[in-house]
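So that you can tell them apart, the chains are marked A, B and C in the order they are listed, and the count of residues begins at 1 in each.
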Amino acid sequence: MNVKHPDPILDCIVLTEGVRKAFGSNEVLTGVDLQIARGEVVVLMGPSGSGKSTFLRCINRLIDPDAGRIVVAGIEMTARGTNLPQARRRIGLVAQNFNLYPHMTVLGNIMEGPRTVLKLPVADARERAVALLKRVGLIDKIDARPNQLSGGQQQRVAIARALAMEPDVMLFDEPTSALDPELTGEVLDTMQELAADGLTMIVVSHEIHFASRVAHRLVMFDQGRVIEDGPPLRLMQDPREERTRRFLSRLMTWETDLEIPEPRGSTTVRRS
Amino acid sequence: MDTVYAILHNNLPFLLVGAQMTVVISLLGALIGIVLGLLIALARLSPHRLVSTPAGFYVDIFRSVPFIVQLVWAFYAIPIFTGFFLTSLQSGVIALGFYSAGFFAEIFRAGILAVPAGEGEAALAQGMTWAQSQRRVVLPIAIRKILPPTVNTLVVVIKDSSVVSVLGVGELMFRGGSLAAFIFRPLEVLTVVAIIYVLLTFPVTLAGEFLQRRVVEVR
Amino acid sequence: MYQWNWDAARESIPIILEGLPVTLSVAVVVMLISLPLAVVVGLARFSRFRLVRGAAYWYTELFRTLPLLVVLTWFFFVPGLTFGINLSPFLVAVAAFVLNSTAFLAEVVRGAYASIDPGQRHAALSTGMTPFQTDRRVVLPQAFRRAIPVVGSTWVSLFRDSALVSVVGVHDMMFEAQTLAVINYRPIEVLSVAALIYFVLTYPQARLVERLFQRLRVIA
């Protein structure tokens, strides 16, 4: 895939320094330093409990970090006086459970943000929603209710809903984990198209093939911090950290040492 | 001029006797309600329409008619239809029992139905006898579902015992109301009455939570 | 053997029904006042301010525990004897029932609000909505939908328990029945008819509410 690599210093759109978060005695984030440039596609990976989802939700401050600094599109997210609702318009979030509004149609879901938050007139909001639905390939479902759609379709609507705010960066929190395997393809296809359009994306996912083909960078999380960060293929073929190697190899293959004995009976039917 | 303290001091024993009566009425009424409710719940679940339909009617009727109507009706009707001349207290307890039975029946029926058939089947598949499967698998699950609404209904029984005062039974509400009017100090007296009612219901909710934790959630 | 007097039973029907408008007005007025109050109190349980949360909690607990008759008696005596304010029986009844129903309905509101998936709030906030917009556009519409069947059953209880107001002198159906029974010395017939009337009025509403509960399963 032809990916234009952005200039990291000039176009930094997400900057985090020393982000820490503990839930009670459980230290989930122990100091995350990360910089993401405009147009970069970054995949966060790591064992469960390593803090990836928590970190993602700190970026738009759905979760408040205990310490550290987070800057998104020039806005100090962690500063005290920041107008959070306004700041969050620049950040889109797509979650594992889609979270579509069940009491609205698909069109209503996508129009809701532009209408209520951006105060767009109905016609403009509708136009934007229709364009987005076409982009994710669901224009025929425009008047459907969320519960009439499959999981993959709902997630694509969720993506359209987030894009309707025209954010600078899109966050994806395990977007395909709740889907049946045959449905993940359509969502990953959509995400790939967004990446090709130059959208800045931070994705928490274990879809290693997606990471290797679409992402500019693979960021390895373990125990609340970044242990390795680099191009996906390099991490997969030549990791510098042992923990990275172990995690990625398990992700790519599943090995067993057990010997499975041959079956004792026979399944061929005797002809008399 | 009587001070508030003096009022309380002089009349608290009088009210506390009423509280005692409230406890007795509530306990007896709840007892009747639970036993009768269980029978009716089982009747409702019976496959014989001759048994389940009247039980259904019972629940529908006794939950639709206001308690005060049932109470006054029982006061007049029981002596006439059964020949027993009951005191107001006895009529009150019986009426309370029959009223609450309707609610308990629904709770028990819902609790028994809520146990998935699969659980009982799984127990039988493991080799338990029917009796064992009921006792060790089905019953605990049913009790878990039944306990919270039962505790709530017990609180309702205590509250509705106050309605028995309209028959002149000397429980807490009756004594409180009469006293309040008699000494022209409704504010003080009724506040004390309210506090006593809260103190009466509080242990029930606490006991319910305790049972919930110990009996139900040990597993 | 008791001699059942069918005439007395028949004649009591219109007289008892004279109390129906009053029974209805008590229930309707109480419901109209309690519902908005209950929304305020129920949502106050989620306020940022500990004082507000606490006040809502204690109010709800208190008035769900106190017997209605205690509150009724309180309003019957205290405003008149202690403060010199004379309230009509209707006002006494409404005041007491409002305090009681608001507490129960507030608990319903609280439960419905809390039962909404937090993911809904996350999604709305992530779009840039303020907490207020999130509540108004996303959470509350869903919460109300969930609360409707329970509000329905609260209404049925209200309608049924309104019979209690007869003890403070409100001319509802129970009051008419009681007075008639004293006059014509046929309490069994009169009260049986009263019970029947309450059943005929209450039971269909209860069934309707049951259907509401079933339809909720289908939608949500």
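A few comments on the model shown:
The criterion applied here is as follows: a residue touches a chain if its C-beta (ideal position, glycine included) is under 8 Å from a C-beta of that chain, and two chains touch if they have at least 3 such contacts.
Source: prediction; values computed, not measured.
Farthest from chain C, judged by the mean position of CA atoms in each chain, is A. By number of C-beta pairs in contact, the leading pair of chains is B-C. The central chain of the assembly on a C-alpha centroid basis is C. In terms of their C-alpha centroids, the spacing between chain A and chain C amounts to 48 Å.
Inter-chain centre distance (chain B to chain C, centres taken as mean C-alpha positions): 20 Å.
Chain A and chain B have centres, each the mean of its CA atoms, that are 54 Å apart.
Chain C makes touch with chain B in their complex at residues 2, 62, 65-70, 73-74, 77-78, 81-82, 160-164, 166-167, 174, 177-178, 187-188, 191-192, 194-195, 198-199, 202-203, 206. Remark: chain B residues 60-61, 63-70, 72-73, 76-77, 80-81, 155, 158-163, 165-166, 173, 176-177, 180-181, 184, 186-187, 190, 193-194, 197-198, 201-202 touch chain C in the complex. Considering their complex, residues 57, 60, 62, 85-89, 91-93, 95, 97, 99-103, 112-113, 116-118, 158, 161-162, 165 of chain A touch chain C. Within the complex formed with chain A, the chain C residues making contact are 117, 119-120, 122-130, 133, 137-138, 141-142, 145, 220.
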